[in-house]
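The structure appears right after this line, and notes come after that.
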Amino acid sequence: MESTPATATLLISCADQSGLVAAVSGFISDSKGNIVDLEQHVDSSEKAFFMRVEWQLDGFHIARNQIATALEPLLTRFDMQWSLHFSDIRSQVALLVTRDSHCLYDLLSRHQSGDLQMDIPVIISNRTDLEPVAQQFGIPFHHIPITADTKAAQEEKQIALLREHKIDTIVLARYMQILSADFVDHFPNQIINIHHSFLPAFPGARPYHSAHKRGVKIIGATSHYVTSDLDEGPIITQDVIRVSHRETVSDFIRKGKDLEKIVLSRAVWRHLQHRILVYKNRSVVFA
Amino acid sequence: MESTPATATLLISCADQSGLVAAVSGFISDSKGNIVDLEQHVDSSEKAFFMRVEWQLDGFHIARNQIATALEPLLTRFDMQWSLHFSDIRSQVALLVTRDSHCLYDLLSRHQSGDLQMDIPVIISNRTDLEPVAQQFGIPFHHIPITADTKAAQEEKQIALLREHKIDTIVLARYMQILSADFVDHFPNQIINIHHSFLPAFPGARPYHSAHKRGVKIIGATSHYVTSDLDEGPIITQDVIRVSHRETVSDFIRKGKDLEKIVLSRAVWRHLQHRILVYKNRSVVFA
Amino acid sequence: MESTPATATLLISCADQSGLVAAVSGFISDSKGNIVDLEQHVDSSEKAFFMRVEWQLDGFHIARNQIATALEPLLTRFDMQWSLHFSDIRSQVALLVTRDSHCLYDLLSRHQSGDLQMDIPVIISNRTDLEPVAQQFGIPFHHIPITADTKAAQEEKQIALLREHKIDTIVLARYMQILSADFVDHFPNQIINIHHSFLPAFPGARPYHSAHKRGVKIIGATSHYVTSDLDEGPIITQDVIRVSHRETVSDFIRKGKDLEKIVLSRAVWRHLQHRILVYKNRSVVFA
Amino acid sequence: MESTPATATLLISCADQSGLVAAVSGFISDSKGNIVDLEQHVDSSEKAFFMRVEWQLDGFHIARNQIATALEPLLTRFDMQWSLHFSDIRSQVALLVTRDSHCLYDLLSRHQSGDLQMDIPVIISNRTDLEPVAQQFGIPFHHIPITADTKAAQEEKQIALLREHKIDTIVLARYMQILSADFVDHFPNQIINIHHSFLPAFPGARPYHSAHKRGVKIIGATSHYVTSDLDEGPIITQDVIRVSHRETVSDFIRKGKDLEKIVLSRAVWRHLQHRILVYKNRSVVFA
């Protein structure tokens, strides 16, 4: 694949008010930036404004490390929350796994074939089942077992490891441990989970068993940011597949695996592209 | 559309055991019945057997009104629950509505164009909003208002009216009253409801508002048989559509209407074709 | 439904160049317009720019009938193609039908329940089959039969009728006549057709029969603007549904009807909201 | 996963006639076989009958190697085409690949995690790009380059290799060479291909480019058995995903990869379960 020229992406949210798009797009065009993508969203019931704008760095009159400073008056004037990203800076992603391999295989094969712009410095697991998969793909694997008694201490170990590797994104690829509120607080909107149901239906354990018992005709999977409320974080993306009375719980699990890996990787892809803003426990996912 | 030759349809459920298919298909072929459709389902965890078999009456050696008697030994031997239907006997369907017109329009236009094999002798409503729609399609409309105080008496009126018209199927086409357990008991697996969410997510009132607040990325609709547990009856069919952060509650409602009318009419179509068996609050929906 | 305040919508397309978003959004914010929706799209391979911006008229400093004039310098400077619309001006829509009723019923019931912001001054048909449906909904019905010999003359009659009623949008709701290139030229990007296949698969006549013969596992429907190339115009929206070997051509037709009516009404809805731009035989459909 | 008891599966097709289900199910129940799954299909326009019946070998009175002989009178009487399979005999599958890795990764990870009941004795490629992936999963990789001049000889090499490994199923996992009619004739209904479009739309090369140019709103993927007519073989399964004007050809390719791997693996799964019958270039895919 040919390399594409580097771009800057600015994510903004603030109270809705007149002149926001004009001000931001004016800032960029005044310094000869060519906008390649701009999306804004106004939530009129919340009177909130959201924007993602991406422009080419090539030809832009402000140096990369000066952009934030140059933006400051604008950001202050409108009291904006913001973040700035560069397309050639790769995210540092940690994968947390337990026993199920399908999401791990899927993410690793996408990584290896270059379909996800990220580095994976570390895979962490509370079990050793998937160590061979990590080895197969040449990624360092850390076994950090967790019991009720050791949880606090082991999470500290995890956090230390994540900090050491400068991890900015944590993907729970069917990680079967509940993270403590303290752990989650360290990584706000940086932890992506895949839940194997169409949330808010069937939160918690064994959703396929519950779905089968209820006799639903469609099952789903949900990727979301992790908050301290289990399975209650902002939803990023969801997908579904039809099932019938013919199918057993095992069939649900088999079909669901395909959903899970696709839904998780789509969420990771969007997150890595800085296309997601979170507010009031909902997500704005720019196309 | 050319008329198709009449068929008999036998629906059976019983405990699973050897020789069931052979016995039933043998009964039909011994009397020179030509099977046009046969589906069976074994739920191995419940050790339950379900079957739908449809055969041509033309050339069948047993007269229509003798089939039940002829089947009796077989049904007794295997302790089967069963029902027998003839394709040229039309179902008598009552529609219960309140204020939203989309499902009513959809069912009436399908009925008028001959796409649903049923008679609609009566439309019942607790309000008068949709009386003009009933008139437009020439169907008798009965206004039976219901308050907390009058509920028992008014439901008796409804039941009398349904009995008078020999109604075998009741379709709640966005009927905004909760039926009493007593009413429901009169029509087991004969009342079809449409709920405007992907059950079991968002039961009860205002599901689109709840879905919007939760920030889901897909909304749904669910048709189900009505039981005395609100929104808990056996699911017949479900469908979904994607939504995004751009869409307001009004957009959810607008998109959801299309789901509701399609999902409800699919359920009615299958019900009228005698393709549905219910057990343990789940449905077997033959294709 | 409460009435929403009137908005102006500007649709723009031109060659891509720096400063476009800033210029247009600046124009609006300089006159105190509050933008409620803005979407832009850059087709980088075509170097083409597209934009839809909607702002509240309330508080905007330029009078409605002065906006076009005020915009002129901007439009000239960037050599923009443009159109300007007001949300409280209803489109005038003609429906052309032949024999199949499902799309007609669907559009008329949406119209009657207020879900589509349009007037329908006239229904035109080459047959009389659907006259009762038009009467049922109180819409004038014009029977204009067409044979190979009379085609040119009858199309002139149609055009005169459409002009008389100031029709701006023509919906072919399963109209089974091919419009002449001359007719089409009178209404560029104003005629919406529904084709009962997943184009470009199965263009032309009897697509369900062809789909069945080919043994596809999914069937579809496609709404598109009509051009002089049959079934080749810019696609607006498509949808699909699964089918199986169990299903006959009649089943395909039955399931397809649901697709057709939904896909057609979605296209009409977006067209009425001025969300569609056409270029190089493709459509930009803003969300 | 616990091991399930072995079953026999009989696939039958013949001219439709009375008594077929009774005869086959009678054969099984007479020898005390417990049917766990039975599906039949009558194509009334073709007057053709299809059946798949699966029964437990445990308790069945006829020894495994005697079943075919015992069935012979029945098969002869109805002039049936048939095949018999045992659930504990694993299929021998060869993968043919070229350069794209996503389908290969997907099949190998499913294989390694035990989700597909098959052995993969050999991977064959006309290039060496994917040799590292084969090594990663420990599967022998054979590089058999093909040019116009060497094609006949190299295909003979391929056939010899496939025969040597007793291959019964060949999966073209984005293999970018057209197989000769002669090669195909050696493996009727045994070669499964994935085509990266919603066939019959966009056959041949570069379907995503064609889809983008046509401006479709949905793209698809199709798995099918390979016949000597390119992209014209019996379709096994298809799936689709929505696209919009925002998406480039690269986006189509990225999204399409997910479709391709899912659609291909579903086809392989059904094929391995002996759920597919082919007639008149169409497939009967039992649920």
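The chains carry the letters A, B, C and D, assigned in the order they are written, with residues numbered from 1 in each.
The criterion applied here is as follows: contacts are C-beta pairs under 8 Å (C-beta built on N, C-alpha and C of every residue); 3 or more make two chains touch, one makes a residue touch a chain.
These numbers were taken from a predicted model, which means no experiment stands behind them.
Averaging Cα atoms per chain gives one point for each, and the point farthest from that of chain A is the centre of B. Chain pair with the larger contact count among A-D and C-D is C-D, by C-beta pairs in contact. For the pair chain A and chain D, the distance between mean C-alpha positions equals 35 Å.
Centre-to-centre separation of chain C and chain D, using mean CA positions: 42 Å.
Annotation for chain B: residues 44, 244, 246, 287 touch two or more other chains.
Across the interface of their complex, chain B is touched by residues 18-23, 25-26, 28-30, 32-40, 42, 44, 242, 287 of chain D. Residue ranges on chain B touching chain A, taken from their complex, read 41, 43-45, 198-202, 214-218, 220, 234-240, 244-246, 248, 281-285, 287.
On the chain A side of its complex with chain D, the touching residues are 101-102, 105-106, 109-110, 112-113, 115, 136-137, 244, 246, 254, 257-258, 262, 265, 287.
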